[in-house]
Amino acid sequence: MGAYIVRRLWQMIPTLLGVVLLIFFLFNWVGGDPALVLAGKITNAEQIENIRKQLGVDQPYWYQLWVFIKQIVTFDFGRSWATNEAVSNILITRVGPTLTIMIPVLLLETIIGVILAIGVAYVRGTLTDRITMMICTVAMSISFLVYIIVAQYIFGFQLGWFPVQGWSDSFTKNIVTYAPLPILLAVFVSLAPSLRLYRSFFLDEVNQDYVRTARAKGLSEKTVMMKHVLRNAMIPILTNVGISLPGIFVGSFLLETFFSIPGLGREILTAVNRSDFPVIKAATVYLAVVTMVVNLAVDVLYKAVDPRVVLK
Amino acid sequence: MRWQVRKSPHDWVTLLFAIFALLALQPATLAHAAEKKTLKIAFRAAETGFDPQKIEDRYSVGICENIFDSLITYDWLARPVKLVPQIVEAVPTGEEGGTRFTFRIRPGIYFADDPIFKGKRRELVARDMEYAIKRFRDPANRSPYSWLFEDRVVGLDEFVAAAKKSGKYDYDVPVAGLKVIDKYTISFKLKEPDYTFIYFFAMPNVVPVAREAIEGYASDTMGHPVGTGPYVLKEWVRRSKIVLEKNPDYRGHVLNAQYADPADPWDQEAIKYLGRKTLPLIDRIEISPIEEEQPRFLAFMNREHEYIEETPFAFVPQLLPNGKLSPEMQKRNMRVFREEAPETTWDVFNLDDTVVGGYQSQNIGFRRALVLAHDREQEIAIVRRGQALAAQSPVPPGIIGFDPTFHAIEQEYNPARAKALLDMFGYIDKDGDGWRDLPSGAPLKLTYKYRANEESARQQAELWAKCLADVGIRMEAIAVQFADLLKDRKVGKYQMSGIAWTADYPDAQNFLQLLYGPNTNISNDARFKLPEYDRLYTQALKIPDSPERDQLYREMNRIIIVYAPWRLGVHRIFNHFINQWVLGYKKHPILFTSFKYLDIDAAAQKAGMQQ
Amino acid sequence: MENILQVKNLGVKFRLDGGTIFEAVKGTSFDIPRNSTVALVGESGSGKSVSAMSIVRLLPREQAIVAPGSEVLFNGENLLNATDARMREIRGKEISVIFQEPMSSLNPVFSVGNQVSEVLRLHMGMSMRQAWTRSEELLNEVGIPNPKLRLNSYPHELSGGQQQRVMIAMAIACEPKLLIADEPTTALDVTIQKQILDLIAKLQASHHMSVLFITHDLAVVGEIADTVVVMQNGEIKEQGAAKQIFETPQHPYTKALLMCRPSVSKRPMRLPVIDDFMGAAGLQPAHLAQRARGYAADDEIVLEVKNLSKHFQLKEGLFKKRDVPAVKDASFKLARGKTLGLVGESGSGKTTVGLTLMRLHSASGGEVLFDGVDLLKLSERDFMKYKRRIQIVFQNPYASLNPRFTVGQILLEPMTIHKIGKDEQERVQMAMALLKRVGMPEVSFYKYPHEFSGGQRQRIAIARCLTMKPDVLICDESVSALDVSVQAQVLNLLQDLQDEYKMSYIFISHDLAVVKYISDQVMVMSDGDVVEVANSDEIYLNPKQEYTKKLLGSIPKGWQEDKAA
Amino acid sequence: MSAVLTSNTTAAPIHQASPGLWTLAWRRLKRDKVGMISLVVVAFFLLMIVGSYTGLIARNWSKEVGVSYANPSFLAGAVNLEAAKTESREGAAKIPYVDLSDIDPLAPRYKEWEERTAKIKVTETPRSETLLFGGDKWGRDVLQKAIKGAQTSIFVGLFAALIATIIGTTLGALSGYLGGRVGDLMEWFYNVFSSIPYILLILAFAAVFASSPAMADFRGVPMVIAILGLTGWTGIYRLIRAEFIKHGSREYVKAAEAIGASHGRRMFVHILPNVSHVCLVQLSQHVVQFIKAEVILSYLGLGVPVDAVSWGTMLAEAQSELVIGKWWQLAAAGISMAILVTAFSMLTDSLRDALDPKIK
């Protein structure tokens, strides 16, 4: 397995290089001039030149690219051009709130999704099944933006069940007070597609031969579903969770802006608006690495759920 | 190669719970403000940091206003605004024909205690001011306000040039025009007379700083402001939370009632609650930036904040129907402070552009037609929800040089006149596609660039497109990211675009410089170059505030109307809603925050918040 | 003899997509006596599996409807009326089942021990530990080597035969009174099939149980059954003691089934097909005359293969690659108008030989001489000329025809590519003629493959090859997926075409009887090696190699006189 | 191929139309009640956008026919504070206008200007207090806006999905079928795209398109389509690649190779029709996805231009309207979008079932 991991890590290098090139091309070549954003409302050519020099954007592109690659290798992305905050510090401090929202979202979504999916797969073809699927489709067809606007207004303001927005330094307070509404919203929105998907996974398994074998053994339908089918359906479910796993490190910028959560999604959005290249680049590289590492971790974890997987 | 351990999905859950537990271990700072008077408010946008010489945005500067002391400041209650000393003995008048300004700092002003001073009290001296001014020009600081001290102070530009040559910006090298006369006295000598120079010293970022603090915290001066002001930065979670607490070493200040308006209830209330008390009274201020309008507003309505400044226009009609508080707001004992902000919005034409630019009659006529075609009343009524005054000149009310009698018919919406003008200069539909074409016969299509993620900018663009379509002109609106918009405007890569300007200091010059020819590529985005205007501008600089100068300003305003490098927009009126337990509230037009002159009825606050 | 199970008047219908009803079983009745083996025989769609599954009520609930009045009496208890709970008690304990595909019938994510002990804990109330120990004994009993270690293995780590043994272990764990074996050996190689059949026979005796053995292969039935039930189209055509069925079949269908299947001992000019028995005509002389096979000295050699080898490369570790040999130094000759049979078990490399010599796989070494030209050395462009002269018919008639093409398009495509026929009109006429030649109505030209049965599709595939008038036709398991009666038809067609066009065949199959029937020369392969090449009669009568002997010994012999005695 | 056959007249006599897989799928779909209802709803929307495109309906969506935030007819009596402001326009100051004639280059033509002005009639249309489903802030009919918005949104969704499907299918086909170096290159490309957070990708592409002069004639709705299409193909690529790998080893493709069909022929004549149902299902799923993505783009201010309207811009506008009690724009856009998207999704499901009856 060691060799497998080494090989996979080795394969990340060209991908990462591609990410670097794409981001570099998109932002350095065609993006806005950060010097102008930083220069202020009254400025002159000399000062802009000075700023450009300080940021290093007056250098030839190949040199800037070289600096960028050096930054990646040394894990030192310097400081934000807009706020002069260390980029590493930005990422570290922003990822906490994002995870505080996204980990419960992923957990709840998966757990509730699996439970409901077993339920509807068990009663497949009945009215309950069809109505549940119908509700899912309708729920999926409404824009996240609408959910947020309406929920914040109704549950945050009109009914006052949750604070409208906010964030504190205390994890407990966040998770008890501020996070529930955004979490519930995100769970609600992501549950419908997951449920549909998981249901189809269960139905795929229900028609497998081994299920017939299990029944032929005299196992009750419950045991068949909860033991034999569930364990097999967990494999594609895990794949699906694996796909959405890197997303928890990005977070939802919509939730973060509307609920004033100092997370990474909002940070990226601001960085793009401000042409804050160090932050954009670092965030992208970090997220690309996270995505790849998570994918690798999921593949390795597969071994645990699916004994057929051979890592080579 | 093969894992023999039997892993179940439960291990996953365990892992995630472990991560959770780690997150929970974050230190829970439970700052319990039992007896303290705490003020909680929201900012409309996120701050960048608190190094006074490095920042520009009003939210960061607003925080600096409370941490640092500018040499002079504005009287809190006086209207029109009036400069008063803050930590100097007197407000200097321009000597030597408006070229010399000398400040004498009061002895016994101390910086807030900070580890950087190693337990010793650190007195504020004239050198600190000299250091701060030099910081503005230090290339390493990339100060957005370096223009304040460019091409003005004798010897400073040469000093900067020499530093650039040698590669070392040496703060110890003296500058002739920046003279520290004694421990407490600093004197500025200008190249040219400039009576607006004095206003710079009331700006909350033109403040003395301690060199050892700046150098000691060199890696993060943004996060370690050390000043002489009433508050210190207690806690800062960037873009999420700013906590200020009373500076225990602060000398205290009092409310000056001398210039109060006896007829103004706000002034009277301020005197009632703040008069004769040693200020400040608020112990702790918690600020969170909320960029979205709905949550910022709902948070306030949910009593999460003490007051809301610059209430989003969309909500105002509901709260202030016909200019009066709604029954709901009355029931909450809410009050509203309406502020005619010292700012102007306008749409700028690129005078270098072949279509909208030019100084020929035809070009002027075309621009004037565009101005006449724009329905400004709708802009006020719908985009600004009635919370704005039509701008008659670039100069907003409350600013020295504002002329309340000045207004021109050329700024009044009149599509008939616009059409007539277009017809007159040959901007007619030549190819029969229903849209007007250029006199040359080439198709006419204007572009308007606006900031991508701003709803009001989009509405403005919508209005333009609609109004121009009404007179037969096709316009394309392009949403551009903020950085790109700045770039395009700065280098003249645009036709039309919308801008707003807030006064840095209360003088019309701050606005009129925006069309000064030599300021092209600096602040003159219109790239307007008219010798007559430039002549009037330079002349006005040399004269102190006087009827003579007002006359020059009026002439410049007339030129702006005639040549129409801008379509004048509005001066916005901001509505600040205040909960009843906030005492003595008043908003100063130039200063950014009100924390220094404010009190809270803690008992009422507690009761109110719990409702 | 007492009956353990009586099926009375069983009728099963299926609700199909779109509301149509399909009657799968039409009122069948049969008995299973205690301690005996009953074989349920029939071709696909005969309703044999459905009948068996309705005994344990394992038919898909949403679609299957059991006709009222049907009875399945197990020790006198009508299982069709039993509660679900009662059924669960019976399944796995009183009646257990093994299925056709052992790989998919075992749960891939649970260990063997887990799955075997599950049934013990459920029905025998054993503790985990007891069940585990008992499972080990069971694995031992079904002949799995090193059972203690195998308990921790996952199904995919076992071979197909071992998987089926695990299934059997699971089935006999609770000492059932009846074992239903649903085509348990169909997916297995012939040598393994033999072992499993022997095992089932042994266990039947030692555990005193009855076995309901479902199969399409009469030869297998002959080896194992006491009683035989022959089904067709949901009806029982004939039932009786094995001896009676094999020696004096009454029903023409039974007779047909017995005759259609090529046997190792006989080689008629033409194989009889069902119609020959059902119709008035009866057996023709051609069905009785024997055909002589074998290469003659003066045979013209069309294709000569020398030292053909093929390796597949697997990535391993960081940069390493490992060679896996699939074919090692295969050499053989193909004579004009003759057939070379390629036999071997799965993984022996026989299919790879076929694909490699027509360059569907790139060869790793060797020569393929065709008309004196080494095909393997030709450029892609030069090879194009030869491509049409060597053609292939694949195993799965459902997969080898593009489902989005009409039969006409399928037939015209090669002609268009190779510019056969001077215009479209002529090509259409040629295609029509060929359809007729392979025994398909002309109207098929406008239809899609999914409208045809497996045998018909295989005819279309053959017609497609014929459009190019190839010299060599490779038949890669081309009749293996077909029912016995259809198989005979296709074999007859192939034989007729060979006689007519003087084509040479390379006939690849795992079915030794079929290969014996159609081949002049036979090449036996094992693990990529050529074990033996010889004329077919010689190899069957007088095998030289051990492997060949073992292979031939595993062929089900059908009804043996001595067994009855 | 089929064109060749149908043009062939000589074979006509015994020609009997035989149902192809598409015909069979259509038959199956016709039996699916939910699918048919969804189809009717989708068709209704399509008919509506054809109507609005040709100007039969909602032609005057941009006309300001009502007062600001005109009440919906069913709430005719409700107080409308927003409109009150608009009505009472403050009279201009009484002070005389400043005289500019001494410095105005236009002064010599003042008279001509005045005369021309007098000839031009400006009529102000009366504004209605209520509109069928209420008005927006400019006083435009929300219902008409929703119809016009449907046109833009569906247009964006369809074309972006088409672009994404074409890119995804082409790359996926090449990668899955050819494998090897080409496959590695495509995989690399895919990995790069999918490793960058989607939102960042969207913003970056938007920035590129907005600032690039090459895209000057390409702005507005086409730009939105391009952004969504160029960033949203990865999922399709993945699926199509897997399909091509699967089909590439199928016997019918082997058979095609055996008869001498070229790579291109095998890829596009043989395999593609067999995976076309996957493409179709992906296409319709992406239509839904992109209609929703357009909302987010509009929220970010990168959506359709100001002289057009989409459901996204309506929702972005309606953000602050709910709080002031003007819920109808949010409702109009939200509900019409929900209905279409629901119907479209259900149609997609039915389509998938009809095309691939194995999956239930």
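Each chain gets a letter, A, B, C and D, in the order it is written, and its residues are counted from 1.
Everything below uses one rule, namely that a contact is a pair of C-beta atoms (placed from the backbone, for glycine too) under 8 Å apart; a residue touches a chain by one contact, two chains touch by 3 or more.
Not measured: the values here are computed from a predicted model.
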| item | value |
| --- | --- |
| Mean-CA-position distance for chain B and chain A (Å) | 36 |
| Euclidean distance of C-alpha centroids - chain B vs chain D, Å | 40 |
| Averaged-CA centre spacing for the pair chain D and chain C, given as whole angstrom | 53 |
| Euclidean distance of C-alpha centroids - chain A vs chain D, Å | 26 |
| Overlap residues in chain C, where contacts from two or more other chains coincide | none |
| Two or more partner chains touched - positions in chain B | 294, 298, 453, 481, 484 |
| Sequence positions of chain D contacting 2 or more other chains | 203, 207, 211, 300, 316, 319, 322-323 |
| Chain-level touch network, classified as line, ring, star, complete or other | other |
| All chain pairs that touch each other | A-B, A-C, A-D, B-D, C-D |
| Residue ranges of chain C in contact with chain A within the complex | 56, 58, 62, 87-93, 96-97, 99, 101, 104-111, 118-119, 122-123, 154, 156, 167, 170, 315-318 |
| Interfacial residue positions of chain B with respect to chain A in the complex | 1-3, 5-9, 11-13, 16, 19-20, 23-30, 46, 48-49, 51, 54, 56, 139-140, 142-147, 150, 220-223, 235, 237-241, 288-292, 294-296, 298-299, 301-302, 304, 453, 481-484, 486-487, 490, 501, 513, 519, 521-523 |
| Sites on chain B touched by chain D in the complex | 293-294, 297-298, 312, 314-315, 317-318, 321-322, 360-361, 364-365, 368, 377-378, 381-382, 385-386, 405-410, 412, 414-417, 419-421, 423-424, 451-455, 458-459, 461-462, 465-466, 469, 475-481, 484, 488, 558-559, 561-562 |
| Contacting residues of chain A [partner chain B, same complex] | 1, 3-4, 31-34, 36-45, 47, 50-51, 53-54, 82-86, 90, 93, 96-97, 99-100, 103, 107, 149, 152-153, 156-157, 160, 163-167, 169-173, 175, 234, 238, 257-260, 262, 266-267, 270, 272-275, 301, 303-305, 311-312 |
| Residue numbers on chain D that touch chain B, as the complex places them | 62, 68, 81-82, 84-86, 89, 92-93, 95, 97-98, 100, 103-106, 109, 112-114, 116-117, 119-122, 137-138, 203, 206-207, 210-211, 219-220, 300-303, 305-307, 316-317, 319-325 |
